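A, B, C and D are the chain letters, set down in written order, and residue numbers restart from 1 in every chain.
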C-alpha cells in the first residue's frame, strides 16, 4: 500500500502513521521527497484496512498494490475453471449457448420456444419467472408458477434451465426448480442475495451491473465464492454510457480483462447488451472472437407478441441461422460447441 | 404515442397496426410522408403497452407522449407535498438536515455523534445498521443490534432516526426501531423492497441509483406510492460518470428537474455525492440555492477512526460551522431551518 | 417532425404553430389528445428547422422523423462504398490493416518499423508528425520534417501512408506528403478542419470523438462529403465511460450500427480503444467478427523506447502473430485481406 | 513516482529499472514485497517521463506523485488570481456576469440584446461570430462581419465583448475586435489554438470539454499560461453523461475542486450546462453558492426567433429577474457584483 501525504503534512504526521503501520507487524517505508512525502506498508493489505488511513486529513491518496479479490483471481488459480450446469460445461474449449424467452408467459409459450432453441442446438433454456421492471405498471412475471412451468419444460426437453432470482426468500424455490441461478444486473451488488446463492452449490450466472466496473463484478463473484459456492459464471451484458444508439454499450474488452485476471468462465448477453435484434448476430460473433465462453440469447417463438424485451428477441429462424453462422468463428477461436465431439 | 415506421414498411403494415390500435378503443392516426410513415395512438398509453408494438419488425421507434409515472407527477398534484418524519417536516419552506455516522459502530460512538449533531441543530439522526459493501472483506454493519442502539439513542436525544433497509425480510425490524426507512442507491431498483416499504406508512428516503436517470428515480418512487405509502422523500446523491476527481458527480440539475415534474420533497447527500470532506460545505450551499428541501450529511465524533466512508465524514467542528454558514443561503432561498419560527 | 406541446398549451398556441408550418408549404397535422396535444409537420425537415420551433415556450419536445445526415446515409446509397488509399481498397469484402508507430520519432525508427509491418502483411503505414498531447510538457511531434520522413519511407517500402492533420493550415502539407488524412478523435468536431479536408480528394480516416455518439460521427462525415470529398473511412476507437480498467471502452456495437445506417467503410483501432497491449489481438478478432472493414494498429520496432503510447504498442513478433491469427476469422467473416486473391 | 511491477517480474527486472532511474540523478527506491515489488523514483517527475517506463512489459502501473500541471497550480501560487477583461475584474470577491445571444445574427439583434443585458446589470457581452455546429446544414455564424458588429455594439454600450475563436488563423481578427477570447468546449484540447491564444495577452475564457476531466481542463489552461498568457478564466459548462433529462450534466463539484487546486478564476455556464431555460436561474444560484466567480448566460431580445440554442436562452424579463434574485446569494457568499462598491 502506497500512501501519498498532502503537501502540508509534517514529519510528525508521517511518523504517527508509520507507527500505526508498524503496530500491525507490517513493514513501514518512509520516502520523503522535495515536494511530497510518500509512505509505504508492505504486507497483507487487508490487515491495514482496519487502520482506516483513508480518513486521515493529512493523507491525499492511498494506492493499493494487490487486487481486492482473491479467490476468483487468476494469480491464485492460474488454470481455467470449468463450471457445469447439470451436464453442460462452461469454460475451457467449450462454447455454450443459453437461449429462451425474456419472461415465462405461459406453458405453451415456453414449450414452443424450448422446442425451437433445443432443435437449433442451444445447450440451456432461460426464462424469467420473477421480472424486475422499471415501471410498476409493467408485467412482473408469474413467480412460483413460472418456476414450475420452467421445471416441467426443462424435463420435457432434457435441457438445463436458468432463471433469475431477485430476492433472498425465493432462493430455496429457485434452487428447487431450476438448474442454475441467474443474478441480474440490478442485483449484482445485492450482497445479501449474493451470500444466499453462495450458500447453495447450484451454479450462478452473475451478470455485470449496468454501471459496475469489471473490478466490482469480480468482487461480487468473490462474495459468492467466499461463501462456499465456486460455481460462478460471469456475464457481460452492456453498461450504461452516454451513447443512445444502442440500449447499452456492450463492453467486450471486459472479456480479455476478465480472462487475464480471473479463472472463472465468462459469457456475453448481446440481446440486452445492444437491445436491437439485428445486432445480436454480429455481436455474438464478436463475443466468440474475443474469447467469451458462451452467449445468452433472447428467443421467442413469436417475438411480436412477447410481453417484455420483444424488440431485442430473435425470431426462430434468426436463432437457427445464428447457431449455424457462429460455427466457423467458434472453430477459428479453437473452440467447439459444448458437447460436440470434434473441435 | 407516436409510432415511426421503417423506410421499408408498406401501407399494409400501417393498416395492420392501426387496426390493433382501434381494437383498444384508442384513436388511431395515419400520417403518410414522402420518406416515412408516422402513426399515432391517442388515449391511455398504458393501455396500448399491452400491444407490445415495440416488438414489431416494421416499427423503427415509439415515442410516448405522457410521462410513465403518474402518482408522483406534479401534473396530477400541482402542490408541494410535505412529508413528516415524526414531528420533522420535509418540503414546503422547510430546510431539513439529517446527520450522523455512515455506520453505527457502537452505542458510545452513536451517542457521542448524536450529541454533536443535535446540539449543532440537525433535525434527524442517520446511521447504518445494515451496510452494503463492495468487498466481502469490509465491515458489514451490526444488523439488528445496530437498530436497537439507534432506537435507544434516538429516544435519548429526542431526534428521529433514519436507517437503511437492504432486504425485504428486515423491513419489519427497521419499521419497529427507526423513524424512517432509507432505500440506498444500490437498491433503488430492488422492486420487491420498494413494494415492501410501500406497504408501510413510515416515511421512505429514496436515494437515486448510481446510474439511474431522474425518470427512473421517479418511477421507483411510483412503485412505493402505488403500494399505498405516499411519504416518500427523494435524495440526489451523485451519479457515476467518467470523472474521477470526485467519488461521484453530484447532479444538482436533478433538483429543478424533480421540482418541475414531481410534488415530493427532494434532498441532497453531498457526502456521498462528492466523497471529499472539504467539498461538503460548498455543495450543501449549492443544494440550498438550487431548491433542495434538505441535506443528509455524514458526521462522526472522530472521523479518523470511522469504520467506513471516513474520508467524506465531517469533523464535529466542521458540521457546526456548516449549520451556521448555511443560514444566509437558506434565508436567501426564502426558506428556514425545519422547526424554526422566523423565516 | 412530431411536436409535443406542453400541458398548459392552448388551442391558440397550436394554431399559431400550425400556421407557421403551413407557411413553409409543409403539411401540418393537428392531434389534440386528452392530456396533451401533438402536432406534426410532413415534408423536408431541414426546411422546418428555420422556424426554430425548439425555442417556443409552449413546446415540450420535438422528435425528428428523418436522420439528420443524408449523403452518408444508406437510405440514399444502399450499396457499400469502397474507398481506395492509393491502390489499397477499404470496404466490400476486403479486410485492410493499417500499422505503424504512434509518432514518427526518427527516420531510422520509421524505416525499421515500416519494414516489420510491411513484411508481416500490413497494407498501409501510419505515423504521426503532429501529435496532440494532453500535457504541454509531452513530445509534440516533428511536424513538417516528420511528414517528409513519412513520404520517404512510404516510397521506399511501396506502402501508402496515413498521418493525422490537426490544423487547417497544415492541410496542404499533409495532402502533399501523405496518402491519406487522419482526423483524430479530438478534432472530430473541428468543423473548419472537416471542411478543409472535404475540399481535397485524398481519402480521410475520420476517428470517432472520445465522447461522440455514432450519429455525431456520421454528421461529421457528412461535413466532409458535403464539401465534395466522398472518400471517407470511419474509425471506431473507443469512448470515454466510467470504466477505468481499459483506457477507453471500445464500442464495437457501433460497427453494425454504422453498417446498417451508412454506406462508408468503417475500421477499428483497438490500440487506443483498449490502451493495453495484450487486448489488441482479441479485440482485433472481435472487430473482424462484427463486420469491420479493417483495423489500425500501433506497432514499434521497440515499444520499450517509444516516445508515446508505448504501453499499447505491439512488439514486432506480436504484430506478426496477429496478422496470422486474424486469418481464420477474416475467412469466417467471408472476407479476405485487402489485395489477396483467394477469399 | 511509484512503480508497481507485475507478479512475474524478477529482481533483475527491478535492478534494470532502478539503474535507469539512477542515471537521471533521481533517487531510486526498492521495496520488495511478498507478492509484488514496488519501486520509487524521487525527484522531478517530468525528467523521468523521458524514460517511458509505461512501455515496459514488466511494469503493471505507474502512479505519479505530483500533479502534471504547475503554473496554474495553487501549490505554486496560493493566492487567488484576478483576471481583468478590460476594466471588469473576475475573481477575488467579485461576481461577474457575461450575457448575450448564442450567435450574432444581425446588428439590430445584438444592439437590442446588448441594451437589455447592460441595463439589467451584465458586465460583459457575449455573442458568437464563428459557430461550431454539429450539422453542416445549421447556421454557421457571420464570421468576420460578426466580429465587426460585436466591436461596434460593445463600444456603443461601453461593455467588454467576448467571442469564440475556433481556428488559429482567426486569432488575430478576434484579438483585434473583441475584448477576450472564448475557447469552446470542442476546442479545449485543440492544442495549437491554445498555444496561439497563449501568445496573446488578451484574456481567455477556457470552457471545459464535454468529456474532459477537471485535470485535463487544468492541463489545457497550463498550455495557455506556459506560452506566456496568464489571463485565463476557466468555465464549467456541463459534461456528457448517460442522463438525458438535461442537455449536459452540470458538474458543480468541479468548482470547489478547481478552487482547491488552482488559483485562476472559474465561472459557470448554466445555459449550456442544462440546456433548459427554466433551470438557468436555480443553477446560477447554485454556482454562486459553491464558490464560482461568475456566470455566462444566453439571453436574446426574442428567444423565439433565435437561430441557435433558443430553448436555453432567457427572455429579457427572465434575465432581469435573475440579476435581482442572485443578489442575496452573492451576499451570502461574501461577494458582490463586479464593480459594485458595497459588498
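By definition in this document, a residue touches a chain if its C-beta (ideal position, glycine included) is under 8 Å from a C-beta of that chain, and two chains touch if they have at least 3 such contacts.
Predicted model, so just to flag it, every value in this text is computed and none were measured.
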Number of hops, chain B to chain C, where each hop joins two touching chains: 1
Greatest separation from chain B - chain, by CA centre: C
CA centroid of chain B to CA centroid of chain D, Å: 31
Separation of chain A from chain D, taking each centre as the mean of its C-alpha atoms, in whole Å: 39
Centroid distance [mean C-alpha coordinates] between chain D and chain C, Å: 27
For chain D, residues that touch 2 or more chains besides their own: 211, 240-242, 244
Chain C-touching residues of chain B, taken from the complex the two chains share: 2, 4, 7, 29, 31, 33-36, 38, 40, 42-43, 63, 65-66, 75, 240-242, 244
Interface residues, chain A side, partner chain B - complex: 46, 49, 52, 54-57, 68-69, 132-138, 140, 166-169, 186-187, 189-192, 210-211, 216, 219, 222-223, 226, 240, 277, 303-307, 310-311, 313
Chain D to chain B touching residues, read off their complex: 211, 213-215, 239, 241-246, 249-257, 260, 273-274, 278-279, 282-283, 285-291, 328-329, 331-333
